[in-house]
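Next up: some structures, all given as structure tokens.
After this come two complexes, each holding subunit A, first together with subunit B and then together with subunit C.
And then the complex of A and B:
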């Protein structure tokens, strides 16, 4: 099987590059790398939701639910950090499950607005209640990941490089899971629900259940991303999860394109590199949001199918085989 | 014994408009049953009420004695009544094979956890085999890699039926399957439907094409303005005075 061997070599090379990458960067770039890794999980989970054709404006708030939940579990209940991260993810999924009852009475544009409203309600609850959410100032001094060492390697999770390895491993695992879901019959059903929900129903698909499933699974992964971020930064506040942040996620997704799994990931990487590294280096500090907006407009005008369409021209369309 | 598919005093009102008014008829097992009528007679509304797309305002639909009216569409489908849609309603962005795979949804219910761990290999193989079988049944196996939206019109209609067939239906509801077809395609489609009936599937068909209906159906129900007008074999219906009047319009006034 020369193709399998080739794939193994390819992935090993990718892994090697990813492991070596932080050592070629400056300290601030290493920090950006950590955030980008976490954001990759945010956009990948967002894509799972968009598979069923629904675009949510509440996704970043769901990320925040995971962050708040995980932070509070460690602070109030003394749960160890890695466990609380998983619990945070579960909390996000549960909240999404609850939200799905009112939200999935709506479709399309109405769902978009409904999700925005639902997200704002949650966000304002954080702002309003000092106990336990800390009000507008949020939560400070969130427990970091405990240090640990494997043999000769010591991981101090205040160090961006160490946290990058940890978050990278978690995100890679999650991306693999999301990829498995998308390529499975479940993923095919998500597509079917998107393109023709009536026809899918007539084939016996419970459309509402599948929309909910996509929303809950996507929210679970989003919550994990939030928890990963919270325990790295050490502080969270409601404004970190506002609609402006959501616009960033939307921009990454749109610029990357949503037809493929890798589209949003490409969008996130390309725009982060452009925004944080190229523009910063060039000294466009004040003008960065302006240039960012211009990039969005230009990409919609000239690359309406996203960055992924450039890759798609190179590879053949996919085939389903057992 | 209960009749196979029984439509009992089915009524469908939209505001002040009564689209279907106390319609009753039964469909025999293993028959091709036609539902005809002039434009606006309420055929498609009847169809939508049977398939669960609408909840009837009154009356019942029973399959083997079990009430299926008022259930949602996927619940009706799970009881063995699969519908197709007017025009070429397909998963246009997906391949032909993927379309057929969607038809196998009920038999091989996907599961997220099994899919991640890889425990659904048997199911995937089974679904694949069934999908290919359905495509072969309708002569589409050579097109399995094509995008469904790119197919010729006749093939799209056949694929719509293949999706239904892959779901192991007891009853297939076909909504105007001959629309926009040339005579050759119509003849081919009629053959496919007979083949489908011979495989043990009951067919209820709404259609305008009289040539196809008369040549195909074992029994025909004719409705007009939401009410039952006549029922019988093709020969009876063809010569039924009420049917002729409904189609040609107000013969009484002329004479």
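And then the complex of A and C:
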């Protein structure tokens, strides 16, 4: 059989499994599935940012910018939810654009600390200003997605399954876009900026412009993830986007590995499953930070290239793709 | 107005004393190990909990509890050196990531051991030095200031006047060259980790009766320490002390006249400005990161 037909069958099978998946789960597991789907977009966008070699500690706050912006657009301006989600994503990208001017004067550790400071300032502004951000309590009663029907399925967005289908479709589209971006000439230039920035520069590549581009695009997708989350949960507050959440994203990414597109996604799925099945079902919920810390340390010590390196070992005999 | 300024100055002096203990430890570890220790705030927290366990819980004398805090957290530092930083010496981001993992373990341990609620610690002394009607300095705060001055003085003497101190500064400057001169890099790393962590621990232990002790107290401490070491210049001990004093005054003033959150925003903005305008900080020399 030709390769393309095989691929089509494979992807159709994957899609079928993903559509059927929530019906095999309990209600609370369905909710976790929704969060995991949204988190997949967060880690995938984080990977785009790390492609150019800079590690940000402000990514979760950028997610929060999308969430706050989208929530406020619906609440204050009455913009319909799907439109405001896209506007939230654009707001995240714009804020990232503004932040990039000071932040990309820094590199390495300084960028890390600078991004942390910038993110923390934004988060404290939410906390400080009751108007319009709601202060420490945040924003409550965010409009949900309006229900609609497509004939074979009635979308009722208080049902996790419906939201899973909606968010899953959006996230799948975004992942495909991120994948295309990475494989495009622009994406290859991101790699060059990371591994050979002097050479890239002497070949006429505007390194800083490409770093900024990666940061802005990644932030746009992150903002969309934030908006998807905000309209599902219905309430957001500054503490939801603090450093601890950032550490979770960092852990997913590092445990999965950042050399491949699927690495961070694997990390997110593996740790979510571990967290929910092992910790919650067995009653170790309080030990969650402990387990995450231990997993982070063990993986950086013994599996520094992440879970993806295990997969690469398994499929090594195959032809190496460029 | 003068009273208010004098009182703010005293408050700032107290804040500066424990901030500089934390920041100097962080700089020392960074200088010798080349690792940014994100768990430094949690080492501070661990020191405070030693006082909770021994002084508030066990009835031991306060000074003994503080000394135990220094020793215990110093040992935690040695553990980090042995288990995390040494195996990850060749991985530039590895030590930082591992310290984040260690931070979460320490925090979760505190939650499981003591619960998330605030700890009540009986005050060491109720005495207050009253300079005037409105300008007062509680004795317990004076103790912290005196202890910080003594400890930093001792550290200064150790670094500038003893052979170990010379070895330590040499390997902070150029580890390879120091090793060629017969200095044991492993040993200086252990000394630096013990002192650096111990300083954070002793700061936490000293201030435990004066602040709200809870498992998440490390967060604001590490943020403050980062601001101070960036403003002072990463790798500069003198810079860390000067920046601690300057930051404490700015933060206390803004807190007095506006509020704490605004003060945090001002502090972080200062750090961003320094990062943009002069990334080596006020006292920093070479780019080491």
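Keep this in mind: the second predicted complex is superposed on the first by the 313 of 322 C-alpha atoms of A that agree within 3 Å, B and C clash if a C-alpha of one lies under 4 Å from a C-alpha of the other, contacts with A are read in each partner's own complex, and residues count from 1 in each chain.
Please note the rule applied: a contact is a pair of C-beta atoms (placed from the backbone, for glycine too) under 8 Å apart; a residue touches a chain by one contact, two chains touch by 3 or more.
Since we're looking at a predicted model, the values are computed, not measured.
J.: If you stack the two complexes on chain A, which partner ends up touching A:286: first (subunit B), second (subunit C), both, or neither?
T.: second
J.: Does subunit C touch more residues of subunit A than subunit B does, or is it the other way round?
T.: Counted on subunit A, the partner with more touching residues turns out to be C.
J.: Taking the superposition on A as described, I'd like to know which of subunit B and subunit C A:23 touches: first, second, both or neither.
T.: In the superposition, A:23 contacts neither subunit B nor subunit C.
J.: Looking at the overlay, what does A:313 touch: subunit B (first), subunit C (second), both, or neither?
T.: Touch status of A:313: no partner.
J.: Once chain A of both complexes is superposed, is A:203 in touch with subunit B (first), subunit C (second), both, or neither?
T.: first
J.: On the A-aligned overlay, A:55 touches which partner chain: subunit B = first, subunit C = second, or both, or neither?
T.: second
J.: Now for A:195: first (subunit B), second (subunit C), both, or neither, which partner does it touch?
T.: It touches subunit B, and subunit C stays clear.
J.: So in the superposed three-chain picture, is A:3 touching just subunit B, just subunit C, both, or none of them (first/second/both/neither)?
T.: neither
J.: Considering only the defined contacts, which subunit B positions touch subunit A in the complex?
T.: 51, 53, 72-74, 77-78, 82-85, 89-95, 97-98, 101-103, 105-106, 108, 110-112, 115-116, 120-121, 123-125, 127-128, 145, 163-164, 167
J.: Could you pull out which subunit A residues touch subunit C in their complex?
T.: Contacts found on subunit A: 55, 102, 105-106, 108-110, 112-114, 116-118, 120-121, 124-125, 127-128, 243, 247, 250-251, 254, 286-290, 292-297, 300-301, 304.
J.: Using the touch definition up top, name the residues of subunit C that touch subunit A in the complex.
T.: So the residues of subunit C touching subunit A come out as 36, 84, 87-88, 91, 93-94, 96-98, 100-105, 107-109, 111-112, 219, 223, 226-227, 230, 234, 259, 261-262, 264-265, 268-269, 271-272, 275-276, 279, 289.
J.: Which stretch or stretches of subunit A touch subunit B in the complex?
T.: 177, 180-181, 184-189, 191-192, 195-196, 198-207, 213, 217, 319-322
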